[in-house]
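By letter and in written order, the chains are A, B and C; residue numbering begins at 1 in each of them.
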């Protein structure tokens, strides 16, 4: 794991939440490039490379004039397509443009495709319709992580870490003790962990009023290169589906650079959906859990980055999903490198 | 522009203002080397490599004893020529010396030649006699810049950025709208921009009491590798020379390292030369304008340094002076590399 | 001196003072590797590589359960030998282990051998029995240094720097003026400096009540790669041994990384050994002196690291011990590189 795997460009990543993007310009690094996010006058989200084609000053520091950004260094005017439409210094238009990124806005998520636009097929997007389903509510946000994306992917694909890293909230001995079933197909890796008759972890006791014993399901899907969804069910032991409390989490694991990652999250539930105090509690709890992960992954990044090349690693059965995720990312990166080398 | 151009060593750079150098030792990095500046007992400025020839401790942390610096680590004694004249540990003198840099002090400027001393010809110095002309007064200083020197050179050779970056002080639409005439000869690139019948920018309204329309001239000379002078004239439209307000600026763009630059400035005027309040106002205004430039160039440095090698760049007619300046620096650097490779 | 000498692995370094290690886990980097120090239940000190064999999370952030560390990320259980003894996720034991470092605890010092364990012979340890001799008392500690180890080695092997860097405490003109006798044998370099009829430096005036003239002896032994002992004697001039004040210092110069060093020290005396106020005074004085050294060496590191490769260096007779120490380290590093290349 020591050396860095090249970042996968051809894939839909979460670029932003819809409510982050308004009439002001926002810079965010995505897969190694600076991106300028904003909305066109018709409300459409737009994203272009955040370097003026002239002298590379960030367009996001410019002035938005209708759909046109005027660069604040020498006044290049760039429209929504990324093309230069004029400049104050001369009457003829400079032949210049910047990359416009394929975007899809759906269910409150702004998806971005950092790679070859020809391949940006919206059909590849995971189903996120629960985010706008009236039977559900959710909280969401984004947390910065100073670690390579792979460490976050493997963190989420092996939830046994909840037992050790999150014992005061969502973890207890049952998670590590219960094996997973793993399946994979194409660019997806899935696992299921069904815990039956276990003790309720503190977080679920508090937010659902559950008392032990309970059943707890964790069904996760990793959509390579950068999305993870977790379907959870908690209920008094023996309760039959569809009874019980259901929760879902989406994580958008979007590389900023080779060693920095945006950790997007949305956490939803299908119960007490009008209880705003509960939403606020769940948001704070989620951020507290993510801080434990971020602290751990940033330390892990230091340990991994400083290790001698070729150092050995030990894996066990609970790593199967994580290792499949890693191989998938390596395969996708290798495929892209081969295309680039042609 | 992505990759760094090697720094030019053979050229006169501003090393300091005369009033910065006194009886104490001062370290300043110049073109990648630490330099120890001080005055000899006869008042002459002196500059030697700021590494003791013994164990490389900065001589500038030593003790000045007459014209001799005693290193504060093991006591090597270095005279004004850079030669070791003795050491407390033994009676025989170590055969050791450090580089002494050619210097010229003139008009309150301490010029330094970081390259081959054989080539350090004072005849190459630009004329700065206005700095001591009794008909003029000026303010001066130096500002640190965390960006490669080239970005500052191109900033000054394309003043159309005033329109966008400095609209509250020295810029308005007329600057970008008025083309320049560019000439070059040897290691010099010159441009003239004569704006006629334009609105007065805020700074000139305040400091000269000018009301629109005015004429505004900007005549710039870049003396490669590191000096820029700007002659400015502002006057009510139609006023004939030599009437009107005249201002001059010298910028010393002295690389500290490959990605850090000293931004020396002197701003002078030929009117109200005894008005100290006006001088103070002009100094504060100049520092405010330079902060806008420094902030922009430091961001530009990040964007340029992080760009993929071989990325394209768009240029327009207002870039002609800047591009000639860039080519000149590249040519000088290549010439020096060829000599070094012999 | 510009380029870094590879760190020597085969040698006893001070890893910690005995009183630093208790029932909690402590991370310390030693010769480029993270080490987890702790005590086993029988009181024995133990040190293993501080990366879990599973996903490289620091074991020092884990939970100590008897002699077993449970990793706080996924629960690998590592015993005192560094071997994995189980994991909560499965009943069969992962075949995994981490390096256990040879240690010797003696006289309050925890010695560590970062290299080949086969070569870790306790007979190679220097004699430190005075640390537990009832006729002596000492103060000790460790100070971080952001500089390569070699700079500290040369600092201690050339004490003439006391004259210039420590004039307000332990240095005066006599140190630089008095030559040393140097001998060496195997991996040891020794020097003696006997100053006779000199003025008493401020520190010794205060802590011993000595008045000038005095005799002062400095007899140093460098045990490559990382230990230095200094035997000092101070007495009114003409006093015969064994009369007089005797002091000893051990320095453990343990590389943390290539450019960071742990500066362990113990300072002892054979007089007024029950005077705790004097001990406290000597500790504060020692820390003040070391701060002067650390400040100087950290600046020297910058100057050395930024120098052009192949820059020349001047040496004098007082450098003989330091240069022998440097050659010794270079020879040991070259020997290890040759073995590694086989």
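Everything that follows uses one rule, which is that a contact is a pair of C-beta atoms (placed from the backbone, for glycine too) under 8 Å apart; a residue touches a chain by one contact, two chains touch by 3 or more.
For each chain, UniProt lists the protein as follows: A, B, C = Rieske 2Fe-2S domain-containing protein.
Just so it is clear, the structure is predicted and the values come from calculations on it, not from any experiment.
Since subunit A and subunit C are copies of the same chain sequence, what is the angle of the rotation superposing the Cα atoms of one on the other, rounded to the nearest 5°?
An angle of 120 degrees brings one copy onto the other.
Residue numbers at the subunit A-subunit B interface: does the shared fraction exceed half, giving same, or fall under half, giving different?
different
So, what's the distance in Å between the C-alpha centres of subunit B and subunit A?
It comes to 47 Å between the two C-alpha centres.
Subunit A: which residues touch two or more other chains?
Within subunit A, no residue touches at least two other chains.
Show which residues of subunit B lie in contact with subunit A when the two form their complex.
Its residues touching subunit A are 1, 154, 158, 160-161, 163-165, 173, 176-177, 179, 296, 299-300, 303-304, 306-307, 312-318.
Inside the complex, what are the residues of subunit C that reach subunit A?
My answer: residues 34, 50-51, 53-58, 61, 70-76, 84, 87-90, 94-96.
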